[in-house]
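In what follows, a single structure is set out as structure tokens and then discussed.
The first chain written gets the first letter, and so on, giving A, B, C and D; residue counts start at 1 in each chain.
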């Protein structure tokens, strides 16, 4: 993720000068504004702009003429109430904009969240940098045997070595060929006068899915929480979770009351089905319930006993 | 639209204190931030918050590390290019939030724009004020005879008087009954101890569609322009156009380069159909074209000759 | 809700003739296609069209070349899995279209669901019928004393009489004046030759919020369930719940496996916060937990003990 | 694009049996339902399902109890009117669902259209086939010299050969390594017992962007036209245009009146800016206008004279 000196200078310039504003401002977030927060081997998340704060949620919920906020304890109570009862629209009144550098295969998962605004770096128009993702050793996992969509043990020894060699060599070779096909003399590539060079919009197809792209991504506070609830979740692929975890930290700074309510009611909470709820009621009434007489499928039973921290029998 | 002293004081409080920010700031918009801009007889538009400016459009289009802006002439050229070629995503990177007070029948048209965020004052929860819209004399129009969805001449004399009397008396009476049914002693209503009072969520149904409601409404720059292109248009009902016109002025302040390109290419521009384009080409080649041999329907022909400022023959 | 003979004839015509199709077809839903299902005093819900079925959910989840369905038990298992793990996109592959007649104040709540398509009867263009909602006696509730957004006891005797009289008389009078102002001789109104008539787009503002409007409303299966989870919920206002309940029945016919999973995991389920989950774990481990040492607010504690069917102490 | 015998059999099964329905049916579209329409070297578009037709547009615009359609000429007139005046909501009442097989770099452009529903084949869950896009010779273009986002002349001779060799060899090699890393014995790959195999969600990152993926993609008629207006346009990259062109043909079959109006007013039409409109008016009034006194930028002037089929001077 080392930025070029020019990029660092641009960021320094942005951070050098403040202007006065009448808008709500969040000092804890301003502290990190524009700074790249590193993710994976070459990626980052930068907070570029934001609008609103916890107070703006309260203000919209009350449709007030002023800030709308009262004492912190009342605001916290209201925000908790809104999240618990799925009153989502007041959280849509805040907006945040990120600049993200991420591998293409992560971008393909991320873009499925449609209630957001995106401007991606265009490889039709520009030439991509020679940067690709290589997993750290500890993330080089085997296919899970129980979950077709998950990871198992970490690869070891020669196999790990071989996998990393293949990923690295193929990415490097494909990038070299990309530059050769472009024939623009870019990235130190040799420029041959007897060739025209392939158009950029075609040459890019030779790159592998671990190459880094970047985009501006903007969403509102409600949809950010929805994104995080799915992508900062243990079921999400590690590589996108790494981004979501960093963004969860930016949420803590930006809107701490909302972040707390979100962690309490959504991230840390659990949903019980109608049948699971009946099981819990029977257990609390002193009944001994087993899977066969629970009405739950074996898999559901395992998940329930795990979440309740019961010995599964 | 006279605000209560408490409301005015709240706004003054908001305007009394600036904080420093690293975010892009638009002084011309800050000047009017929080101030109510009057619309119709009791309505208003207030800019509550904003995010981004012309520079943010450029920054997103370039996916840059810094502001992304260059010389004003280059930025203007790029913004013009984006609007002309319908590259809409960079304009989604800016966001604006309004507080609007508007008649319910206007709110019902407005809400059809779905790509926006809304928090409306809840008459399930609170009691509405005794404020309703009465058209000014010059807007009291007859039904158009040529356009089933438009206005004709202004009503005159006794008829105008009668219409205004009916609208006023019915609104006043229905509001009195609303307060009576609520039986909360609100708005100077008599509180009867032998009554329970009808629940607010039902009592509100006795109000007429010209009563004022209010909401926080937030959208991005692209969708704001889309809204304005439809609602600041002569085909829009006058009452919603009155709001759109005021918002168009806030756009001029907020993002002047974008506003200029929008007026040039969208508001002031015109769309020609394939057949109309052929007609123009023939005319420019010196041919004399008449409706019957134009391939256009009579109505389309009239619209085309009007837009080209030709004598319709 | 009595339809005119013309309307009934139109519906009969639609139901008289089938055509063969290669598309998936749901006989249980075809049975009620086009028929108005009565809601409230003058409203209805009509299923107008649909696309897909339970099988289409499975097909999309598997991205298959054929139907994608296997044995019913496997399909049921997959659909349950998708709902439990919030894989919502396969449910977006089915679509349903309703024609709904509903009071305006209900329409104003309903329209807040933005991920849907709507075409409403235009009172700018046409004249509304003289039909308005009057609550049945048993729904004429007082304001709740504990919930500012809910209903309390039913009004009785003279108060109920008075409320119904006011609602009825005001609606009738306002409608008469609406017709008078229009001066089109509509609905038996007297046509005065010395008057022009107020334009429809203005005259409508004299109507009260309990007048009926109608619209075509179309959404996908995922967003239908989201709508139902909020509007067929006991916290929703009775009048919109009456519509949602009828639509829930159409869901049972349309996609029975999905409907079952939805009732099990969403409608009949419950969300526990992180703290509530800890409380349940402690209780199941045999600990005696009280509100003060639960970490829950009194209100949250009451809700939790209610949901667990414990004696609140 | 050769389907496997199993896939062909599944499609034949779907096409073998019709069921009667009361819904509107479009025989011209049923004729091609489920059949793969070939695009590029291995891609296809299959119409999987649809809802509504031209009549459903009319029905929604009229909010009618029956079909709502009258004589064809009246329906055509109404549909033309709706498109000319940007009344888009009636077109949202029809829905179409496609199964598409397409290169990943095309999918990345396509997915930017957010008002659609998508289920993509998951390479986290399954193994991708060994199919990748190689441009036909005539589409192997050089970078445009005038348009940074376009194509110039076709590459020739040795350069074309070299580009195709690189693309083919890199794709083949990367796929072999993908299979090797998976170590599942898939696609004829050797299964080594001393290896665990890399998890699928990581192995896929070694594939290049020209590999084919597939998805179910569903949208409404309005958003389909918006998609086509941008992607069946000469400015779109050839590879996505190839898909859009095929889909434009499905539109012709599905909703011929709408398709005709769309071609007349959108695809074949042109937008003039305020200044361009003034120029045309001056020209039609007999004035000789040149670029310097037109008020247009040189580029705008060139575009205008081209569209008007004037000699640019």
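One rule holds for everything that comes next: contacts are C-beta pairs under 8 Å (C-beta built on N, C-alpha and C of every residue); 3 or more make two chains touch, one makes a residue touch a chain.
This one's a predicted model, so the numbers in the text were calculated from it and none came from an experiment.
Note on interfaces B-C and B-D: more C-beta pairs are in contact across B-C.
Distance between chain B and chain D, defined via averaged C-alpha coordinates, is recorded as 34 Å.
Each chain gets one centre point, the mean of its Cα atoms, and the points for chain B and chain C are 29 Å apart. Looking at chain B, residues 89, 112, 118, 122 sit in touch with two or more other chains.
If you draw each protein chain as a dot and join the dots that touch, every dot ends up joined to every other dot. The residues of chain B lying in touch with chain D in their complex are 77, 80, 84-86, 89, 112, 230, 235, 263-265, 267-277, 280-281, 283-285, 297, 300, 307-310. Those residues of chain A lying in contact with chain D across their complex are 103-105, 107-108, 111-112, 114-115, 118, 122, 124-125, 133, 135, 139-144, 148-153, 155, 159, 162-163, 166-167, 170-171, 173-174, 177, 180-182, 184, 194-202, 204-210, 237. On the chain C side of its complex with chain D, the touching residues are 3, 6-7, 10-11, 13-15, 17-25, 30, 33-34, 48-52, 56, 59-61, 63-67, 89-90, 92-93, 95, 97, 99, 117-122, 214-216, 218, 220.
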